[in-house]
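One chain, chain A, appears in both complexes that follow, with chain B as partner in the first and chain C in the second.
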Partner chain A sequence: MHSKAPLGLKVAAGAGLLFLHLPILLIFVYAFTTEDKSYQWPPPGLTLKWFAVTWNRSDVWEALTLSLKVASISTVIAMVLGTLCAAAVARSSFFGRETVSLLVILPIALPGIITGISLRSAFNLADIPFSFWTIVLGHATFCIVVVYNNAVARFRRTSGSLVEASLDLGATYFQTFRFIILPNIATALLAGGMLAFALSFDEVIVTTFTAGQQQTLPIWMLEELVRPRQRPVTNVVAMVVVLVTFLPILGAYYLTRGTDTVAGQSK
Partner chain B sequence: METAVRFDAVSRIFGDVRAVDSVTLDVHEGEFFAMLGPSGSGKTTCLRLIAGFERPTSGDVNIFGQNSTNIPPYRRPVNTVFQDYALFPHLNVQDNVAYGLKISGVGKAERHRAADEILEMVALGGHSKRKPSELSGGQRQRVALARALVNKPRVLLLDEPLGALDLKLREQMQSELKALQRQLGVTFVFVTHDQGEALSMADRVAVFNDGKIQQLDAPQVLYYKPQTAFVADFVGSSNVLPPDMVARLTGRSVQASLRPEAISLSDTGLEGVVAEHSFLGANTRLKVDVSRTQISVLLPKGAQIPNDGDHVNLSWDAADLHVMAGDNE
Partner chain C sequence: MSEAVSLSGRASDTLWRRPRFLLALLLVPPVLWLGIVYLGSLFALLAQSFFSIDEFSGLINYELTLKTYKELFRPSNMDILLRTVAMASAVTVAAAIVAFPIAYYAARYAKGRWKAVFYLGVMLPLWSSYLVKVYSWKLILAKEGILNWLFETLHLSWLLQAYLSVPGIGGNSLSVSWTGTFLVFLYVWLPFMILPVQASLERVPATMLEASSDMGARPGQTFRYVLFPLALPGIVAGSIFTFSLTLGDYIIPQIVGTSARMIGQAVYQFQGTAGNIPLAAAFAVVPIVVMGVYLTISKRMGAFDAL
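And then the complex of A and B:
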């Protein structure tokens, strides 16, 4: 239903959006300021030198690489396990199916701090030293949920007789997965993977509890706020984080949009 | 004549439901075989046992003399037309049809040519590049048929393929399917709950109820000589006369079936009261109460139609009263 909104509503909506997005714009502006001691407004001058400074800071590169590695590996783990789990829950019925479904979703419903604390004490109890892999495990817990949710919805909308039809036409189970299942769930998987990547990339709370000495990019930024040196470097990094997390989410949105028709359903 | 499919005391049990209960049957090569029954009677499970989607709990399924119990669906010389067609939504019509050929390693140009050829045969030439979602129900049905037939199966399984079509299209497809089967000589196993469909198309019909075959015969035999009360009622909407009534008429205490159109009104014969009448076009159907049984009578056009509540006498040729050898419960 389309109708003309009253002026007051338009103004209120505009103000709300400004309130949400103006601060982000400010972060971007300060990445170009010439004055780095007190963040004076308006900036006395604009410069690109902070990009060069950031480029030469090895701690930024270390944090960025770590974050990218953690996000990539957690996403891959989540895509494999999340898809398998979704296939099991959507396609077969077994004892405790609903429970499994709930337990998989639980990590994202729980506050991150609970996940973080429980993982930390679990790692301690099991005498697992905190490392790159403990961060990956921590991130995978909530990345699986995103992939699972996307995949299970697509599986439910894909007619089960497609698999039987493929088998009937001579395809083995592997061929059926390759030629029939994968093309039908690919966009959902990609979207789930992108969301998982973005979630992992800017995660702070679980990382705090599961990391040892390593600093992911968001942790590095927190640290910089407390003990700043060359403050606008943080702003430059913030811009990078926004781009790295925003682009996949945008991509996921475009991939899953317009797929409301049920695959394999006859009308 | 070779046996295409043989069931040897096959049962399929889901939990405590005997979906298929010790079924034994033979499907001859080249025949049009129908499995007819109400929903839940086990006919679709039988089809899935032939396709290999189900395994028998006990008994053996043989396909062309080979015990197929442990052969996966993708290695059986059968193809299926699914009830919901199960066309691959991400492939166009041509690639849907060519899928089986692609899997068996036929080159691209060759399989596309074969697909187009069979699409021509089912009157869908020129639709190769469309997606299944752009087709009507009848067209999808033809694509599903072409996709199965292009692999030259030795047995074609059809799971209520006409169920989703409207009446006119269904009648057209019935005669087309029949013609296609004659032309190709492929064994068709056709599952349906529509007795008219089964009787008009099939060479032989297996009537299923509660996981068991009630009767396996040619359509005419099922219609005129039903062996059980279920077959008489389900296949031909025949009257089933209870043993006590048959005892009064013939002296034998058994169930008997009597076709509604075999009965005429006369001055003598079985007495009854007309309960209701309905005009069916070429015929008029009377429901006549005779003691505790209601007997259905089909009067031809031009016959005198009595009023509801009138006393009438029913008579028939002694040969039309068919004593049923089957269940006499």
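And then the complex of A and C:
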């Protein structure tokens, strides 16, 4: 059983992992460079000055605040809708069940630009002006699937007899939900919520179509990517974004560790 | 207080007697949301592809016509479609090749702590910011960046120059070449390939591979006739992501690459600066149709069980 991995495989796997991580690490170095006119490598010197400069930039703060607000509200909506949908699909079979699960997955199975341009043309047709809520509308739609995936896996493993026992003992549906179902699915929901938050916080393709003149943090970054004007500030923002998104992912990993949602275990 | 309790009790009883009603209560909010916001918008878009734009006034002519689709098949537009599909295919094949060893090692040999390292090693890049990942490649591929520096330090600049002078894949520098675009696509979508391939490989019993070699198969033969066919559903599942995501992306080719456009950029420009929403909609239909065909074939190959 415990045969050794061939050297070639080890090297290929290790090289693959390095390929995935080196570019992100590079960002961390660039955040400290003294060079501000080009992407010169190796950095001519290291400094902490750009962190202070970034800290005092009001446009970065505004974009960050908008992103956090949008991500929070979209996550809450997605958690409610995703859980409802998962509860319905996991426990019962009904006509159109496959269609419902396809409907949930569709917003991320089709390229983001299609979701974006569809929403934009719908807003145009319905004469809805761009606002905070048009961004949320788009984000919540593609976040549902993340919560749904986590919740549906947990519902499938939660024994149905627990719910029946609770009802048999005289609890109402609401009490059963509060005291039996919710504690059972809580960590899966939290994990799904964190991933949804990370997804929304980072989204740019759909957002460019639904934001109008507003700037979320990814849109701010996109502008800098297309027309670089303040490279050092962008470097610092990029590094902070990496750190901010790592937290929910690590959180989600520890919350679902040892359960079926860990990739690799067969269904 | 007691009235409220009895009310909730009665509501609860009703739900128990009518499970269909409970099901409907659960389903209505999400289905309404997705149906109205998502499907509604999607149909609004599709409908527009059957309108046309008046060439003189630039206004949308709200009469059903196939004129816009005829325009889609003009040679310059066909180029965009073919170029995008070719890029998506190349990225998908390359992603499968790079992903396989990682997924295989993680599935078969990594145990305990290393298993976690591999899992997080794929999940962190998968979930970290898309724009930051693209940005990091802008840094890498820049003329004064690390890759050129590496070639110079190793005195291999001539090799890079020779490669860049190959027409089609080369260009003035890496950051404005097809190779650059390809590398960024490969980097950004690679984790989407690793996870399903790993999931399908986890289900291959080690004893099966041992049996194959016991019966005299060389490692190459075991791979060709046992491992690869069993991993194929996972590869197809991963290719759904790499293919679909490359088809619709408009940001990567805009930031790293040549001036030749891909489908996503065409959609973006036609709906934005050009104001030709019908043509943008017709362009958007292409990825939908391609992915529809792709998903149907993958379903036949059992790829959905590997998701």
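Couple of notes before you dig in:
We take it that the second predicted complex is superposed on the first by the 252 of 267 C-alpha atoms of A that agree within 3 Å, B and C clash if a C-alpha of one lies under 4 Å from a C-alpha of the other, contacts with A are read in each partner's own complex, and residues count from 1 in each chain.
Here, contacts are C-beta pairs under 8 Å (C-beta built on N, C-alpha and C of every residue); 3 or more make two chains touch, one makes a residue touch a chain.
Note that the structure is a prediction, hence the values are computed from the model and not measured.
Using the contact criterion defined above for the overlaid structures, shared-chain residue A:167 touches chain B and also reaches chain C.
Look at A:65: by the touch rule set out above, it reaches neither chain B nor chain C.
In the superposition on chain A, A:195 makes contact with chain C only, not with chain B.
When the two complexes are overlaid on their common chain A, residue A:34 makes contact with neither chain B nor chain C. Number of chain A residues touched is higher for C, counting chain B against chain C. Contact with neither chain B nor chain C is seen for A:56 once the two complexes are overlaid on the shared chain. Once chain A of one complex is fitted onto chain A of the other, the partner contacts of A:184 are limited to chain B, with no touch recorded for chain C. Looking at the shared chain after the overlay, A:159 reaches chain B, while chain C stays out of its contact range. Residue overlap on chain A between the chain B contacts of one complex and the chain C contacts of the other covers 167, 172, 263-267. Every residue of chain A that touches chain B in the complex is listed here, in rising order: 159, 161-162, 164-172, 175, 179-180, 183-184, 261, 263-267.
Only residues 8-9, 11-12, 15-16, 19-20, 22-23, 26-27, 29-31, 33-35, 37-42, 44-45, 48, 98-99, 101-102, 104-109, 115, 118-125, 127-140, 142, 144-146, 149, 187, 190-191, 194-195, 198-199, 202-203, 206, 219, 240, 244-245, 247-251, 254-255, 264, 267-268, 271, 277, 280-281, 284, 287-288, 291, 295, 305 of chain C touch chain A when the two sit together in their complex. Remark: chain A residues 1, 3, 5-6, 9-10, 12-13, 16-17, 19-21, 23-24, 26-27, 30, 38-42, 80-82, 84-85, 87-88, 92, 94, 100, 103-104, 106-107, 109-115, 117-122, 124-125, 137, 140-141, 144, 167, 172-174, 195, 198-199, 202, 204-205, 218, 221-222, 225-226, 234, 238, 241-242, 245-246, 249-250, 253, 262-267 touch chain C in the complex. On the chain B side of its complex with chain A, the touching residues are 51-53, 72-75, 78-80, 82-90, 99-100, 102-104, 133, 137, 140, 147-148, 151, 164.
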